[in-house]
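In the two complexes that follow, chain A is the common piece, with chain B as its partner first and chain C second.
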Partner chain A sequence: MKKVTTLTKTNRLPYFSLYFLWIGLFVIAPVALIVYQSFFGIDHSLTLSNYRTYLSSSVYLRMTFNSFWFAFLITVLTLAISYPTAYFLTKLEHRQLWILLIILPTWINLLLKAYAFIGIFSQSGSVNNFLTFIGVGPQQLLFTNTSFILVAAYIQIPFMILPIYNSLVDIDPAIINASHDLGANNFQTLWRVIFPMSINGVRSGVQAVFIPSLSLFMITRLIGGNKVITLGTAIEEHFMTTMNWGMGSTIGVVLIIIMFITMALTAGGRKGKAKS
Partner chain B sequence: MKRFGLFAIVIVIISALLGLGVHQLNQASGQGDAAKTLTIFNWGDYIDPALISKFEKQTGYQVKYETFDSNEAMFTKIQQGGTAYDIAVPSDYMIQKMRKAKLLLPIDHRKLKGLGNINAQFLNQSFDPDNRYSVPYFWGTLGIIYNDKYVRADEMQHWQDLWNPKWRNSIMLVDSARDIMGFALVRDGYSMNSTNLSQLQQAAGTLNKLAPNTKAVVADEIKMYMIANEAPLAVTWSGEASEMLAGNSHLHYVVPTEGSNLWFDNIVMPKTAKHQKAAYAFINFMLEPKNAAQNAEYIGYATPNNKAKALLPKAVREDRQFYPPAAAMKHLEVYADLGTKWVQQYNDLFLEFKMHS
Partner chain C sequence: MAKTETILELQHVYKYFDDFTALDDINFTLDQGKFYSFLGPSGSGKTTILRTVSGLILADKGKVLFDGQDITNLPAEKRKVNTVFQNYALFPHLNVFDNVAFGLRLKKMAKSEIDDRVVAVLKVIQMDGYENRMISELSGGQQQRVAIARAIVNEPRLLLLDESLSALDQKLRQQMQYELRSLQQRLGITFLFVTHDQEEALAMSDEILVMNDGKIQQSGTPVDIYDEPINHFVANFIGASNIVPGVMVRDYEVAFVGKTFECADAGMRPNEKVEVVLRPEDIDVTTPEQGKLVVHVDSQLFRGDHFEINSHDEDGNQWLIYATNSIEDKDKVGLSFTPNALHVMRFNEDEADFDARLSQYEEGDNAD
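Showing the complex of A and B:
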């Protein structure tokens, strides 16, 4: 860390220009292109009709609502699993090993994981074999909303656990001891002391899960059987099938705006309060 | 911090070495020799690899084989012109679209050998009159696949049969707007190329009534699911069907007699072609009955090459599932490129159906 402070104004410039070049090329330019494309109709004329179509079409609005609803459910489920997991992780001995085990699935390609779930959930899959074995009989598991939410949550869990774990580890044990010494029971300590102090981890976890969940598309087809339609499905269709890049970009712009709103809402002004 | 720096340097060095290795391998496999190469852009697993080596040995050209997974992706790539593809294999409506976009080179029929082997009924199609730009590669249909463990043959002969309430949550549909909207149009007695809004809306209404019977709208996975008995019914193309039938003897393929789609995958020369001589050599090579027959046996699709068909085993040649009789062929329709506006309309209605199901 010492090195950074010794940087003078003159030798700082090359570092920054590289950074700005990167951001400009790979973050700002693509977003600008998407916004630019969104103003073109299928006949390549400059128009606002894409936005008009989007806002006046009950299909797109319902799709947006669907995306929101599923992203919300996925986030809630992921949080419900991840928070206790992260909490218990901080109590364990070989924490690094456990963390590694949680990160490990993210090294595997998303499609491979989705295909693995097809094997698990299909009519002749292991879950149905088990259900038959205990006498319940095979159930339709694939192509249901439940299986879609489960698989999406499974994929997102590491991105929720890690930030929460990091913020929990940072809590000074002395504060928890103090809470107990002052008469708080375990639940009160968790709810009034630990949770508020880890809220930043929860926020970044929610951001890391909610935003990508809005535009999931491969899993909607592979696991959801296209019975779950999200904005991601529509974007894929506009770019890959109808080649209506303008409309696809418009939905992209909508997603970007929703992303910023989500960031603004979850970033909240209570940062300082939680820290103090 | 120091350890992290070391780690980063090691990763950079390893990546650089791997990159160098790949470069060396490419050089070694002769892809540097640009004049004697032929770049083919085809669907994945859509040619017998043995034929490529045979072609290379016979003509001395080096084949670079690249694949795409949708006509639209191929169109975009050729339009952007990054790679100089010499041969591509688009489907019917896409050939029409590429022609309109001036992305194809006309084919000089004087340089072709064996175009006469092709069955005349597959030549001179509406998407490419007089075959000025394309040579037929494979053809097929759209139809219904049923599993005889759950469905009797007489229960599943027409599109109408799919709407039977008995098949609740049983049908897998291929994720393609033209095809699914298409069979709903046929069921209502209209053309699969309809550009009449009220007909389309009526078909969309008919299709929405199929929602309770629809189990899933998926793509290539249909093959895997049907072979694994996941669903009793599916709607997909004959090519996919032949692969499924090979994997599960309980499956059967039906092309409803009232009408369906007739599709083509044809060989074209894109504007980007740099090795035209090699391209002609390849087209002629694939027109040879022996090679076409070998390819048809490997892929399992129906060949338009009459002389090649004669070389196929009798069971394949007379398979009415994949070579429908003339009476059924008469009702098949080839998709026309309807223009972006109508394509959008089909897709919007299809998307609504997907949200419905």
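Showing the complex of A and C:
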């Protein structure tokens, strides 16, 4: 018998009940409500027509593809910027300060940052002033796919850098020395040792960026205008404008399923591949 | 005897870390096919030497010659030297086979040859059948073997071992000492082993280089270094010793504790102040009348294969004695020793002078 004050089944209950209450109220119940709603047509009748519409309409399928495509581009761009950044951060001397500078923008409200970009990208904004100055002349920057992807990537970068950085600093420098000792140059060491050893950080980063990027709607609206239509904007449209809650919920359910699939695909095993 | 071939030479090598002088005028040569140990306390510069040889750090001054070629500024990946790292530094994302094959794959070797060589080397270290295991599934001793295999599969001319046994427990460490020694003899590769464990160095090496404060204090065979340490540091660091101040009366006569004793050393100035080393196992316990010295026993500990006796003489010098029997009468005990057991050390004598002096007077008497 253990004499130590462990949490027994009875005295653990209060702590757990709070947790279950929270999960129940704010995770399970909303998801259940969305699933429930999705079976109601616009005339409040119980039906599968929402799913039928979704799967047969080229508009919704294109929207789904768009969401995927944009989320993919945002993730690739974020990863391309974040991996080298995280790698160089590990080489710097005042790492904690640099990390703080990367975290800092995440403390500022998303809406404020989006508005700041509207100012920067607008007809009389600083980017266009510069383009005029070098003789290119003002361009349409706002409400384009490029600016939408750029701003979304900007917002997501800290969430990609941090997990990659953490997995990189965990690598024992002796292992990198061993790689050089065995004849690997810097690039071979990066490709054969550092990258595979930081793959878990990349996975978490991709999850943290790809999944939220699927359902972006505020940046889509503010920076992409009405040119970029994704599942996020479609849900907002159905709930706020057309009041077709059933259809909005159906898209929500589809999004949740896609998220689970993404999670499963990026989770990966901790075990390495076995070769003969 | 076959002609020994120099494989590595360091000439006047210096290394600085900010204000700290890590290596201070290091000179040595290593011959093909021998087992060398760098022995010293932590911070003595022994690992820095190893890294200067492997190329992980570059010397600030001086030359590193490998096979007669200047490799002072050659990066690690281009040197024909491999290292067994402290804590092994195996790749955790690869299995045993891929770890061992790492170096060979970088050389763009044919797959069939890689397979053959990895399988062969795993057999050498008795790890055949472990190809598909992940590193985290191996014990410390097995990881040690894989680390050795990963290095020797590249057939380096010189293998560096950085405190490679220190992470193992006592039993396994002793077993690995035998295995490393026999592996070195079978492969004929030069081993350069870095350790702070003097027993390890004494047991395995053909030659030991004792380091302290970024300098090589003394180099020689384990027996030479144990029996004829050059200075206080070496005598103290290697094995247990009694070191007392004395005066060299004339050749083959040294005075300490107010008495003059016959000894085996010579070549010093008359009445030069010296230090005298007497190993605890070279002292015999006898009656006060027959003893050359008389001491009072302070404590004795049973160590299994011997009694460890702490005592002091009338001048207050401490004497450590390893005896086979315990001492009954602790008040007055006689100590006896042969002239050969005494070793006299001069202050601030450098290694060249020390070797010259020893060879001078040892020419005549090759009795021992």
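Quick note on the criterion: the second predicted complex is superposed on the first by the 258 of 276 C-alpha atoms of A that agree within 3 Å, B and C clash if a C-alpha of one lies under 4 Å from a C-alpha of the other, contacts with A are read in each partner's own complex, and residues count from 1 in each chain.
One rule holds in what follows: a contact is a pair of C-beta atoms (placed from the backbone, for glycine too) under 8 Å apart; a residue touches a chain by one contact, two chains touch by 3 or more.
Owing to the predicted nature of the structure, the values given are computational and were not obtained by experimental measurement.
Once chain A of one complex is fitted onto chain A of the other, the partner contacts of A:197 are limited to chain C, with no touch recorded for chain B.
Touch criterion met: A:226 reaches chain B, while chain C stays clear of it. Residue contacts after overlaying the shared chain place A:162 against neither chain B nor chain C.
Contacts of A:177 after superposition on the shared chain: chain C is touched, whereas chain B is not. In the superposition on chain A, contact of A:59 is made with chain B only, not with chain C. Touched residues of chain A, counted separately for chain B and chain C, are more numerous for B.
By the touch criterion stated above, A:244 is placed in contact with chain B alone, chain C being left untouched. No residue of chain A touches both chain B in one complex and chain C in the other. Looking at the complex, you find that chain A touches chain B at residues 1, 42-43, 59, 62-63, 66, 118, 122-124, 140, 142-143, 221-222, 225-227, 229, 233-234, 237, 240-244, 247.
Within the complex, the chain A residues that touch chain C are 172, 174-175, 177-185, 188, 192-193, 196-197, 199, 271-272, 274-276. Across the complex, chain C meets chain A through its residues 54-56, 75-78, 81-83, 85-87, 89-95, 97-98, 102-103, 106-107, 131-132, 134, 150-151, 154.
Here chain B touches chain A in the complex through residues 1, 70, 72-73, 75-76, 169, 172, 175, 177, 215-219, 221, 224-225, 228-230, 340-341, 343-344, 347-348, 351-352, 354-355, 357, going by the rule given at the top.
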